[in-house]
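Next, two complexes with subunit A in common: one pairs it with subunit B, the other with subunit C.
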Partner chain A sequence: MATTTAPKSPTSTKSARAAKSGANNRRWALIFAGAAILVFVFYQYLLPHLDQSVKSVFDSWLPISTLEESLVWIICAIGLNIVVGYAGLLDLGYVAFWAIGGYTAGWLMSSFFNNVDFSFFGVIPPQPGGIHINFWIVLVIAAAFCALWGVIIGAPTLRLKGDYLAIVTLGFGEIIPQVFYNGDCIGPACWNVSNGTQGIYPVDSMNAPKILPGMKGATLGIFDQPYKYIFFCLVAALCVFVSLRIREGRLGRAWLAIREDELAASMMGVPLMRTKLAAYAVGAAMGGFGGVIFAEYVGGVVPDRFNFSISITLLAMVVLGGMGNVWGVMVGALVLAWINATGLKQIGVTFNQVFHTSINFPANNYLLFGGILVLMMLFRRAGLFPEMRTKAVLEEDEVADDAGGTHLSDPEEVTA
Partner chain B sequence: MSAQTADQPWLARTGEPMLEIANLSVFYGNIAAVQDLSLDVRKGEIVTVVGSNGAGKSTTLRTISGLIKPRKGTITFQGDQIQGKKGNEVVRRGICHSPEGRRIFPRMTVDENLDLGAFLQNDKAAVAAERDRVLELFPRLAERINQKAGTMSGGEQQMLAVGRAMMGNPTLLLLDEPSMGLAPILVDLIFDTIEKIRDQGTTILLVEQNALAALRIADYAYVMESGHLKLEGDAKQLSRDDAIVRAYLGG
Partner chain C sequence: MAKAYQIGAVVVVGAMALAACGSSSGSGSGTGGGGGGQTLVISTDLPLQGASKDASNATNQAIQLYLDQIGDKVGNYNIQLKPYDDSTAAKGAWDDATCAANAQAHVANTQEVAVMGTYNSGCAKIEVPVLDQDPNGPMLMVSHANTNPGLTKAWDPGEPDKYYPTGQRNYARVITTDDYQGAAAAQFMAQTLHVKRCAVINDNQTYGQGVARAFATEAAKQGITITSNTPWDVKQPNYQSFFENIKAQNVDCLYIGGIYDNNGGQLIKDKFNVLGDNNAVKTMAPDGFTGYPAFVAQPQAQGIYLSFGGMALEALQAQGGAGAKFIDAYTAKYGAPPVSSYALYGVAAVQVILAAIAKSDGTRKSITDAVFSGDGITIPADTCVLGKAIHIDPKTGDVDARDMSIEVVKGNAESYLRSWPVTGS
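After this line comes the complex of A and B, so read on.
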């Protein structure tokens, strides 16, 4: 105990730590960027020239539309990872932000408000009636609007902890889609905010700069899939970048401290309420991105797409990939989104053909998700690609317990 | 307090008051944890609050650092009333708390734990200096600087808890049961270090069940029992009074 060593200089250990995580991040970023570009080149330039039989395999097993949809899931999962993975706040109502983002796109990029006529670098050629704002501007507006709603929902609910917080977020995740669902006649004046069950359709095509050879026009419609895909990738990359940067900074450390031990964090001077609200706001903003992109992918906004199961699927993606590790979460989102959109259906078709059965595989997808979650909790609690710090401690848990334990998880009264 | 001092000369204390608690009452629901407590801490002292389980010692510390709101009474720190202020505002004023049960961040390295201790400090050079000071006081932490805190022994975790609180560069350091669960030799080591911290100029309010060890290093002591203040006085005087030791300090 009394041995003395010269304290290592503070800068050297810190820069070593940063370099290690930096190298890891660079490796993953290269893998994902490389894969994204390969996929684009393949679907845009190679696939159309390939043999029909090859084409049909890709069309049924991995169509580009599935990849586009996966990107929506990836963006939302990255956002949810900030709330659940970084700050440790269990949010079961994340679909609310996805819906708000989607409807923001519906309001600002369609003829929905047909009594006004406003266009701002909108769809080309310009359309009369309604509000038509440029896709990229709508993206920013939706993110800001969702962040605002994150704060509005968070301010009363974040005073709760653990299970109670989860239940209240569950409630908001139901309320907001229901508001849109029944939003064709709100209040005594019977305002129509959402067209009710019909949804808002169609949403303007996506504005995109002509940065790639062969792109026609300045807007991308339903059929310009590989091009749209590459722009969706850019938005996902932005989300990854933002969450990695925040993670390294002061706010990221504060989230981590709250996740590890809220009481101790407040003793270090971390402002609990503000820090948690920031997590909600940033997470919600990414949900807004996801919503706008989803509206663009579908070409409209339909209320029954925003149901509770989306929140749970997103949570399953985060848990499967590895809570707190952005890269793992992306893998988790890709895998589950693919299973949901095409994988399970195709496996079912193949299985039924081979064994002459008629099992409806897609109908059992939640059975599969539930099974995955149970198996993960039993055998790989930290996810497929665990966050580095989680991995180390789950392995060392027993050592810590022997050494006298660390967590007194008694209920504490904290004035937030 | 001043009236007491007149007929009890050993109560005379030098140094200006840093923290003054007056008529503090704290409740958990309907249960009174602390009732009508008054105490003060003067600059440069180690003041200890001793007492058995449930005496209200930890509650007092938590109330000072803004984790619990008091029902009645005032807490004055360097001339400002701080009762009911939020935790981060209290830390900003220079009161840092090393909590009961250590509560280090187990999944973070020692280094990251120390970093978080300096969460509100903006001056990088000052933080680096403070970090060097902590590592000098606890050389063991320097050896383990990149180890996950949860994998360290109890004594090392306690050192980290104290070191982490010191990273906030406190004017007043609150220590809650730093001897809990430690072998006697480690208790001595921790307490020697606490004395060293005082000698370097940090005022300390120490809450302890291990009364004799606390009285050995403290300048002034308060004895609490079931939420009430029972006794106060010069720490050395108290520890020499056999009747008091038998009645309150489990000696």
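After this line comes the complex of A and C, so read on.
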């Protein structure tokens, strides 16, 4: 995709590739948008009128709450994809941004700071006190706040590469949740910034423009799940759009150059520091989106959730889907989030019913994940839906190997 | 790309095949429930994976047994049980997102009228506001194990009103709260064990902090010096230096506020190594340490005192009456008595729900109203599996039975010592 935007290279293969990638993106966008709208229409307008037996199948196999949770995973995976997939910076502590986003929502959309009473287009609960800011504004604030933290975390890691970088990000991913975990008494005055292990409950409902048929009012209540879902979809769509557009632009091509060969990129005039920090910032901002949406979905934030396994699961989603390919990452996130939330449990229930066994399927969750990842690495290294560019590089290598020659990949392809 | 499509096709076909299996099993279970009368579903919401799974499974089994005993019927209604799992294997404990999803599922499943649960107070804090806002409700939740005071009484700022956005209560419990449990432990240690200087440690979680704070407050009133109240880090590989600090405080007792899941095994080991056995430094822990076979089997755990909100299985058995009879029936059916007395409290919570259903017209709202209006719900002594009459306060949803039990770990088992009725407030 990136090669295609260079305006001064009108070779026939490139323009063909450009057309192919554009058409490819359009097709994927149509598939996802169509699926999202179809799901919304189905759950909001059709499912309530269907027979109870049909309803119970959907309730157990694909409840709308699982879809909402999957959207949080998708948004975070797209954010992580920018850092890992585009810029090639291995980040094992992405959960930190999810946590910061979640707590931003906790601070700005609840009665947690009950000694102040401030509201700004927010949903105000019957009890007085607290800060109640509009969901959409909090979304922007959280993204900005996370981007700032992305830069703060990214800055000391600039001199590091590979394993060392991974270890430092891992450290940050552990530190930030611990700060929230123990944040009920910080500093000499014992400030309560996170309510410690008790977490912050409940987070306000969200506002939304009354644009869809059947919406009662501007406030989405706790049971307006399909409406929440479609608005969360819009946020995910925004993340996809930003990802794709940045990738085509100067910054995105610089990220890819760094990913392929950092030294060569810097020789070609790519400012390493600014470019890497931008990757951390953009990736973190999407983590902020994910965190706010998660807090809204759960109705609160609890520090227990933000552990290392979240970072690993997100990384698995990116790897499974295809590093660098937004569409693949979305598929990977959807599949793994579904398996995690309902899939494995339901498969277990069905299996046990059919074969009269009592195997605890969910307990073997990570066995399955691990197995899938090993198989992926053996047979499909680039992911389910590999990025075209990665695929091209891998295939060219194979061709070269087969021919027994020393032909390297097209240099333009590498440095773009 | 062709390969990708092949894989996609395989996934889609697989998913469709699974969906087909699901639909057949789904419709099969929907048609249960014998003739006559309306069928109402009571659900349980428990962590079925991880360290709490034994207690949760016993609770589900006990409730099913009780429902079988009463012929799955109350008044004119057929009763069905539907267990939910609020834990994930990845966490091995309750999970916030799963609790949120379960709460939505309880409300969405129109046959469900009330929820028995949750096991963890944190999960209840997510689910109660959702059930409270049920358009056909509020939907009743009765917990057998939530001991965090904030769910029903003023504790932290904004509690408990913030859990009831509609202003109407929908949450009751049959177990007494941490504030009483900590107090009972302090009274027992002062009056029976005659200790003088106590160190308090907590696992830095909602439950552990609450019970530790209550202990420290009452202990001071009982004339015990509290030398410190420090959290232990659940991720530490060992606690040698942690206990060295406490050793320097020259204490003759240790109170552990927390749950065994939070690295309790290692904690007990290092306590034993550094502070000495449990006669040298008397050690007491709350009910977060009860019901764990792994804990009582530890040599270092022998001699640790445990307090338990409500009564131990032994006490219920010794007391005779409905409780003892139920334990016998459970033992006869499953080959062993329940691993935790939470199983019996689960049944007691179901009894409260059933009594509410009997007083209602079968809708969620009227079932909740039955508990929170008039005189509230009373379960008479001759039927209550707790062996004595319990009454739910219609204003708060709290139970009037405030007995605590004191146990001691002896011979690799929890051995019942005595019951301790809490005095004062």
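Couple of notes before you dig in:
In the analysis below, the second predicted complex is superposed on the first by the 374 of 416 C-alpha atoms of A that agree within 3 Å, B and C clash if a C-alpha of one lies under 4 Å from a C-alpha of the other, contacts with A are read in each partner's own complex, and residues count from 1 in each chain.
Simple rule for what comes next: contacts are C-beta pairs under 8 Å (C-beta built on N, C-alpha and C of every residue); 3 or more make two chains touch, one makes a residue touch a chain.
All values reported here derive from a predicted model rather than from experimental measurement.
Look at A:198: by the touch rule set out above, it reaches subunit C but stays clear of subunit B.
Once the two complexes are laid over each other on the shared chain, residue contacts for A:347 go to subunit C alone; subunit B is not touched. Once chain A of one complex is fitted onto chain A of the other, the partner contacts of A:181 are limited to subunit C, with no touch recorded for subunit B. Counting the residues of subunit A that each partner touches, subunit B and subunit C differ, and the larger count belongs to C. When the two complexes are overlaid on their common chain A, residue A:210 makes contact with neither subunit B nor subunit C. In the superposed model, A:270 lies in contact with subunit B only, and not with subunit C. Counting contacts as defined above, no subunit A residue meets subunit B in one complex and subunit C in the other. Here subunit A touches subunit B in the complex through residues 1-8, 10-11, 13-14, 17, 250, 253-254, 256-257, 260-261, 263-272, 389-390, 392-393, 396-397, 399-400, 403-404, 406-408, 412-415, going by the rule given at the top. Those residues of subunit B whose C-beta lies close enough to touch subunit A in the complex are 28, 65-69, 86-88, 91-92, 96-97, 99-109, 111-112, 115-117, 119-120, 128, 131-132, 135-136, 139-140, 142-143, 145-146, 148-155, 157, 164-165, 168, 181, 185-186, 189.
Against subunit C, the residues of subunit A that register as touching in their complex are 52-54, 56-57, 59-61, 63-66, 69, 111, 114, 125-127, 129, 181-182, 195-199, 201-202, 221-223, 225, 294, 297-300, 302, 304-305, 307, 309, 313, 335, 340-341, 344-347, 349-350, 353-354, 360, 362-366, 384-385. Remark: subunit C residues 4, 7, 11, 18-19, 21-23, 25-27, 29-30, 49, 85, 88-91, 93, 95-101, 104-105, 107-110, 122, 125-126, 129-130, 133-135, 156-158, 161-163, 165, 167, 204-206, 209, 231 touch subunit A in the complex.
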